[in-house]
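For reference, the structure discussed in these notes is given below.
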Amino acid sequence: MISFECDYLTGAHPAILKRLMETNLAAESGYGEDEFSLSAKQKIAALCGTAPEQVFLLAGGTQTNQLVISTMLTHYEGVIAATTGHVESHEAGAIEFTGHKVLTVEEHDGKIRPEDLEAYMKTFTSDGNKDHMVQPGMVYISHPTEYGTLYGLQELKALRRICDEYGLYLYLDGARLGYGLASPDTDVSIRDIKDLTDVFYIGGTKCGALIGEALVFTKPENVPKYFFTSIKKHGDLLAKGRLVGIQFDVLFTDGLYSDICAHAMEMAVKLEKILKDKGLAIFRESPTNQKFVLLEDEVYERLSKDVKMSFWEKPDENHTAVRLATCWSTTEEDLKALEALL
Amino acid sequence: MISFECDYLTGAHPAILKRLMETNLAAESGYGEDEFSLSAKQKIAALCGTAPEQVFLLAGGTQTNQLVISTMLTHYEGVIAATTGHVESHEAGAIEFTGHKVLTVEEHDGKIRPEDLEAYMKTFTSDGNKDHMVQPGMVYISHPTEYGTLYGLQELKALRRICDEYGLYLYLDGARLGYGLASPDTDVSIRDIKDLTDVFYIGGTKCGALIGEALVFTKPENVPKYFFTSIKKHGDLLAKGRLVGIQFDVLFTDGLYSDICAHAMEMAVKLEKILKDKGLAIFRESPTNQKFVLLEDEVYERLSKDVKMSFWEKPDENHTAVRLATCWSTTEEDLKALEALL
Amino acid sequence: MISFECDYLTGAHPAILKRLMETNLAAESGYGEDEFSLSAKQKIAALCGTAPEQVFLLAGGTQTNQLVISTMLTHYEGVIAATTGHVESHEAGAIEFTGHKVLTVEEHDGKIRPEDLEAYMKTFTSDGNKDHMVQPGMVYISHPTEYGTLYGLQELKALRRICDEYGLYLYLDGARLGYGLASPDTDVSIRDIKDLTDVFYIGGTKCGALIGEALVFTKPENVPKYFFTSIKKHGDLLAKGRLVGIQFDVLFTDGLYSDICAHAMEMAVKLEKILKDKGLAIFRESPTNQKFVLLEDEVYERLSKDVKMSFWEKPDENHTAVRLATCWSTTEEDLKALEALL
Amino acid sequence: MISFECDYLTGAHPAILKRLMETNLAAESGYGEDEFSLSAKQKIAALCGTAPEQVFLLAGGTQTNQLVISTMLTHYEGVIAATTGHVESHEAGAIEFTGHKVLTVEEHDGKIRPEDLEAYMKTFTSDGNKDHMVQPGMVYISHPTEYGTLYGLQELKALRRICDEYGLYLYLDGARLGYGLASPDTDVSIRDIKDLTDVFYIGGTKCGALIGEALVFTKPENVPKYFFTSIKKHGDLLAKGRLVGIQFDVLFTDGLYSDICAHAMEMAVKLEKILKDKGLAIFRESPTNQKFVLLEDEVYERLSKDVKMSFWEKPDENHTAVRLATCWSTTEEDLKALEALL
């Protein structure tokens, strides 16, 4: 059985486990005040061009989204997301749980188009009843999106301009950021993201770590006051914060994070080529590590015996759309095995 | 430098790391649906006498408290805790964040005395304005408590009786449960806890794991509906749930959890003897792995150069109360070194 | 200056004020336990075919929506509304404030079409990720809608059937219910509403009262436990509950509520005739007391000097859509004055 | 039957009803934008020495407490109250519902003693774990308190000084403020309150209105941003805001509010004299309109047949403590009737 089901189904990159072993007996302060976390924050800060105090290490993506949105927004504000945005669709109401409304803009390829955002804000600000409405305070985008697509640099700049005009924060959910940065089709660097957003996170869990997301506030003034206390209040503070610290310290030493994602992207490019060479229809174009392909049901059933894939949707009676994803642990052998099966 | 500062400052028991290595390449389902988590739940269920579906694996203690209290209570209910209860004092308002009030009863040695709980409920139920008040729905106790003390079996039975009389859930926070069960001074077994409470958790983070708490609902009907969805809603669902699953699977194989805590308790008994033999005053009596001792300030300062301890409080101008804790990684050498220093 | 701006801009029907005077010195229990409230509940219950214990008197509409939704839903559930539903668009996030998500279905004439609701639920229940999503628990409809339109009896029955199939509550917001019941174009009676919904409210504020909405749970088991305490918890319990009690007691004595709304509907029918006779384009068809008309900007400006109207929207450069509403205090003289001005 | 049960059991001062009649047909803007509300705000502002924009008219006391606390505090902050404070004990968790913890200080005569507040803050700020705790952000006091007692000017100044030192807001709940200001035993004026607090409200419901509380932010910068939207979000915005506006406009014209409370205080002084002359034991000393007296059970039972009183508590087997209150509608005849009965 080979698995292309998702990018969070195997353990961690071996270098992470090795480091966990080496450091196991060191007695370090709890709650993220350990040396490993500090070192990780310094490395991430250096890469992004911020101060270490602007970097926070958290456990998971929904948790990070919930924390960012509920601490940066004031209580009467909501967050604008695409209709397909993770915070709108698949977080079980984690944002509303904190009292904030998710305001939606129609998605296009999983993205918010700048013109749609601008139209939304023009309509809102000219509405005579706007004081009876949730005030937009932030724009949430994912990069790569839930469909594996990417914003171009010009799109990010346009979103930034609109956010500036209307006083909105721009937040980038980077659960799979590494794959976005490593995509051959991107013109966006991590420094661009730092320059154009107010806050973003670098996904660890889906990019080779056991758990962990590194949250970066791009300006010192964007760090919410008492953010440590808020992490605790959310039940998100790990006593052994070292667990996330060690992982990010390893990932951001000698470019490991980039290497992991470059490898996965190399596998993804080859995967897409195999799928196309086999004459399969691409269901959704994606320039990152998730590939969406349309299979005849008969093929889907046969293949499912040997290959783990994600069911995506059933567009018609005879076909099934599936998602295949690569990650740090995907090998050439996996690809060859898939190719042989197709 | 030797450390007795706390029980969550080193990594994990080596058997856990070994197993993380062995299982690293296995591609398993996410969100806790993996084989390791299932196996861990089965072992814990067998130990406690429940079904595996009554066991949930979570990341941390405050998170678990928040989830349990906010999903078992109805929105108009509150939870009764000792004034020193962790949910009242040191969770940054995590319970109130979910809309529930913590109702307090005066602590005695960190515990709720049955007579105080009964008096509280009698007063409440006879109050003519009780419909204008938060309805008590649960009693929260920690075992060991925040002071390292333990409930006796008769005390737990008395609390249970009162909870039954007034229709309250009884919830036991077992962040350090293993030390409580391994204490030479206890008459309470895990089966007693299963029989006498409605829900409790077995602490992993402070008992040899990297992260993780195992939550046990003692009756099938106590499991909140859609609990999985609630975990997600709280931002507490780990994509790689295997990380916690593997750890609890190891801890509950061949009695490792008991062994770890028995070792720590053996170290704690010796530690207490050393402290007493050296003529130091015990600041608070504790039958578990946390020892509270009173030091002259001069001794405290000298010792601090070589020994990490937790500052507890300053009861007078010339003395400092400190806490020393043992854990899985405490060694005879650590004890000897401390003895030599004293 | 004559006013057709809205139906809540003058005071109360004179019979209400008269009764406030008559009863002023009676010392009655607070918090809605007074004789007037009890009498009002009995009259409303008799009209609707429920027990008085299923009727609650509240102050305002958004407050009522917030209370109903947050007490009938469990914490992991959301409410389905049309995109134009008041709870979605114009309550400043009052529902999300309580932790519940508003799930949207595209509106048609301000209504949820049964086929759209059914499609929504089919998609939801077949979604492999539905445990990561907010669980639908209730359908919210307004009748009349925000556009003044009405559900037909067959539509209500179809919605009821779908709600039964999927285990959803059906909640009807009747802020302007009286006008809906008095409309010449309706085939829906209050008993139909009682039979087909789980909960609804009879609007007072917009139908001749100073404040007040009468909430009716259509089955005894639908009344949330500790609802009185929840009203207090929301800050919605009036010390002098008599103020609302007296008003509803008057409104539901000798059919005054029906008479008020019948009068307003008579005025509305005449108003629509005047508008059409003057050759004005109807912007939205509405069978109730709100009429939407399209004016040339020049006409709009001229008319605004003598007539208060609600600006609705600006569909093109030369026209303005406005809303005119009738209410208990609208007179034949108002209509004649408007006719003369047009 | 005569009633001394409470101060919110009869209707409104006749001048209020008269004005409701006179203004009934005026078509005025909704949501508090009417001329009556504006006029009321101007009069209250002039009295207090603020701008009208710092005055807001709301419906009830718990609602006002909830709004003030949840909009002035940041999400990680809590409010300090006496253990007997209304927000702590009798609001059914209205504050926690908004996510904020009530932090308690032991009451003395229903008040927070400055020395206790100072000790609380000293302990908090020196606690090594304070980042794991709810941050105090406001002090809540009631004046008169729930026991009818009053803060002296020096006490208020001392509280102010401590609040300044620790960066806390000082909020005064004036549900019965008029009686406090009219008490013969007070040295505190409304201007003192304006000078020494950050926000307070002038109670209407218990001082002669049907409903309504006038909230005053003592400095322009204390008004929470988008406060109007927050009122809506809480479900507290009245469509016919005129109802409260008219009442406060009447109450603050020609000193009616003072006159009403002076009358009630005159009655209260006489009431207390009657009670003492009859040899009854005062249960709690109160300088305002609530009098607490200890009755032999036999007397209590006999008196209850003719006099409505509030049961307060049962301090021993043979006695009952009751509360008698005066208000705008209390008459000399009521007093004489009571005297005759005793």
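Residue numbering begins at 1 within each chain, and the chains themselves are lettered A, B, C and D in the order written.
As a convention for this text, contacts are C-beta pairs under 8 Å (C-beta built on N, C-alpha and C of every residue); 3 or more make two chains touch, one makes a residue touch a chain.
The structure displayed is predicted, hence computed values, not measured ones.
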item	value
Result of counting contacting C-beta pairs for A-C and A-B, higher pair	A-B
Far-end chain from chain B, centres as C-alpha averages	C
Geometric centre distance via CA averages, chain B-chain A, whole Å	33
Chain centre separation (chain B, chain C; CA means) in Å	50
Cα-centroid distance, chain A relative to chain C, in whole angstrom	42
Of all residues in chain D, the ones touching two or more other chains	75-76, 91-93, 97, 99, 131-133, 229-230, 232-233
Contacting residues of chain B [partner chain D, same complex]	75-76, 78, 89-93, 96-102, 128-129, 131-134, 311
Chain D partner contacts - residues on chain A that touch it in the complex	70-71, 74-76, 99, 131-135, 225-226, 228-230, 232-233
Chain A residues touching chain B - in the complex, by the definition given at the top	1, 3, 5-6, 8-12, 14, 17, 20-21, 23-30, 59-67, 91-94, 97, 205-206, 210-211, 229-230, 232-240, 242-243, 308, 329
